[in-house]
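Structures incoming, each one as structure tokens.
Look for chain A in each of the two complexes below; its partner is chain B in the first and chain C in the second.
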Partner chain A sequence: MTNEEKYANAFCQAFDIEPEAAKNLTFQAIDAWDSVGHMGLVAQIEEAFGIMLEPDDIVDLNSYEKGKEILAKYNVEFA
Partner chain B sequence: MLRGKNILITGTNRGIGKAILEKCVENGACVWAHARRETPDFIKLVSDLSVKHQIEIRPVYFDMTDKEAVKKAIISIRSSKLPVDALINNAGVMHNASFQMSAEKALRDIFETDFFAPFFLTQMISNLMVRQGHGSIVNIASMAALDGNPGKAIYGSAKAALIAMSRVIANELGAQGVRSNCIAPGVIATEILQTMPADELEKTKELTPMKRFGSPEEVADAAVFLASEKSSFINGQVIRIDGGL
Partner chain C sequence: MTLDDLFRLAPYSLEASQKEQVLSEILSDLTRRHYANCPEYARILNALSFDASKNHTCAELPFIPVRLFKEFELRSVPQEQITKTLTSSGTSGQAVSKIFLSADNVRAQSKTLNEIISSFIGKQRLPLLLLDTEMIKKDRSMYSARGAGIIGFSIFGRNSTYALDAEMNIDLEKVSSFFEEHKNEPILMFGYTYMIWQFVVRALEEKNISFDARNAVLFHIGGWKKLKDQAVDALEFNRRVQSRLGNVKVYNYYGMAEQLGSVFVECEHGHMHCSNYSDVIIRRPKDFSPAGIGEKGLMELLSVLPTSYPGHVLLTEDEGEILGVDNCPCGRKGKYFKIHGRIKSAELRGCSDTYEKR
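Up next, the complex of A and B:
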């Protein structure tokens, strides 16, 4: 699995959505991505990449795209 | 009371934290026993307790104020795949100065250890607790946070912030099975008292209805209770252990 696929999969697992629906998603755009769902997403991302997100990054993670920028800080590269 | 539980306790090499470690193990908990650094005394303490009670004690080392080191330790706890059933935020430092004599550096340093460090650690651990759907957080605050004792401007403020944090966690995470409570000890006979003026100590003892200082074990008993399911509907509270002050 590529990092992009792993990343999209984290959204699918957290919010029970299809990969296509994950792209362009933003915080609170769907019911499942509320503050409780957010922590579920963080858990999925942390598990997928074996990292622990900084509290500030957890707060900043407000869209699919922003998450990719944040992950770059943890040496997760996207093609 | 704690059989089958996994508990992270900070500052377990001496004082109240050591008593909490001993009581948790006595009550059947497996413990991640935190200390600032590995020392022969600490290794012996952990191994003696582990042998005596036939229980696993996993030492973890970090300076509370070194966020990267804390993070590394939590990642390794997480990768053990064991639930963190309770977190006991005990490590702390005392500071004595009147409000008008409180220097900025001390203010920042004490808040770093007594508030920011447990705040960040609890943020990380509570994430794990929310995922597993349960957890108990026990914060060792102080009566200084409640009573505004003269000479405790910085220390009391930092511990008051810890109490506020605990109350917010209780409100925000209660629905997800995570409880948070505080213990506010009065004067407890540990090395920390060496930092307090002798006359202040005598005066406090005199004012204490029970006319003595508390023991670390008396605080530890309450910590065990709050960490356990015996306190399953106690959330957002501050329990004073102060001989009636």
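Up next, the complex of A and C:
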């Protein structure tokens, strides 16, 4: 799996959605992505890439795209 | 200065004179915003003949009683921007307040809580033991203040483990294996004061069981009223927590559902501190004029966070006193204070005070 696929998959697992629905998603745009779902998403992303996000980054992770920027800090690269 | 500028400063860095300038500017802006967008709030200001177009000092800004959030649905953004409606704790028979939150407001709350709490424990995420039940997050349509507090705190932890089962019994097996697994690293615990007392400390005492954490930090919130009835004060609480859980540094903090995020943490010297994001003004009950240092009165709380509802300047039903400004031996700048508890005839409303076993 590419990093992009792994990343999208984390959203699918966390929110029970299709990969297409994950792109362009923003915090609280769907019921599943509320504060509870947010921690579930963080757990999925951390597991997928074997990393641990800092609290700042957990707060800043407010959209699919923003998450990719944040992951760059953890040496996760997207083509 | 704006909220974003504040985020670039350490959370306890502003001295009184600077802070008055910064907060009066941000809060006057918020007052204008709510005046323009919340018709009920505008009517209150009109009735007071308050000129929102000008900047005012913090003490001049009109405070509204927290009770209004029970009686009215106050919001300053269109309904479609409200992504969460937070309901405050309230025992049966008491009205609940409804706080309408936009995604931006929620984010600012998390960011602020993060700045404040990480100034105490650092930015690393520690294994987290939540001294509550997982049930609290099961019903997500009911976003209670208690649940929101737990979820909000979860960003500081990893391997989040709930210590209590659905019936509020301590899950000894789960708790033992949590302590065992993390015995060689610092751990973090979070819970509500009364729940910790009743379902952790008292429960362990009855079972005569103790744990031996080597390096733990506990943050607790939620009110002391029920414990005061049992003649338990902070020192006694800390001592009994430590005798059951081990080497635990205990931090009590104070906050309201109406101003989630900009919480007040008690420092090592037992003083509650205002951060850059909040302030306290003590009001004399006779005429609501601001009281001096060491003078008891009603607590007015200011927060720079509320943007989607007019909760930036609130009069609480708590009594307190300012102990000092900028000169606490812990080094944190800003006002520090003491809370004396609810005024008489106020309703019970702390998260831990409103818990009733069914």
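Please note the rule applied: the second predicted complex is superposed on the first by the 79 of 79 C-alpha atoms of A that agree within 3 Å, B and C clash if a C-alpha of one lies under 4 Å from a C-alpha of the other, contacts with A are read in each partner's own complex, and residues count from 1 in each chain.
As a working rule, a contact is a pair of C-beta atoms (placed from the backbone, for glycine too) under 8 Å apart; a residue touches a chain by one contact, two chains touch by 3 or more.
None of these values were measured; they are calculated from a predicted model.
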item	value
Touched partner set for A:Ile30, first chain B, second chain C, both or neither	neither
Touching partner for A:Asn62 - first (chain B), second (chain C), both, neither	second
Partner chain(s) touched by A:Met52 [first = chain B, second = chain C, both, neither]	both
Partner with the higher number of touched chain A residues, chain C or chain B	C
Chain B versus chain C as contact partner of A:Met39, first or second or both or neither	both
Footprint overlap on chain A, comparing chain B with chain C	36, 39, 42, 52, 54-55, 58
Touching residues on chain C, where the partner in the complex is chain A	83-84, 103, 106-107, 110-111, 114, 118, 123-125, 137, 140, 143, 148, 151-152, 154-156, 158, 160
Complex contact set, residues of chain A against chain C	26-28, 31, 34-36, 39, 42, 52-56, 58-59, 62
Chain A-facing residues of chain B, complex	71, 74-75, 78-79, 120, 123-124, 127, 130-131, 176
Interfacial residue positions of chain A with respect to chain B in the complex	36, 39-40, 42-43, 46, 50-52, 54-55, 58
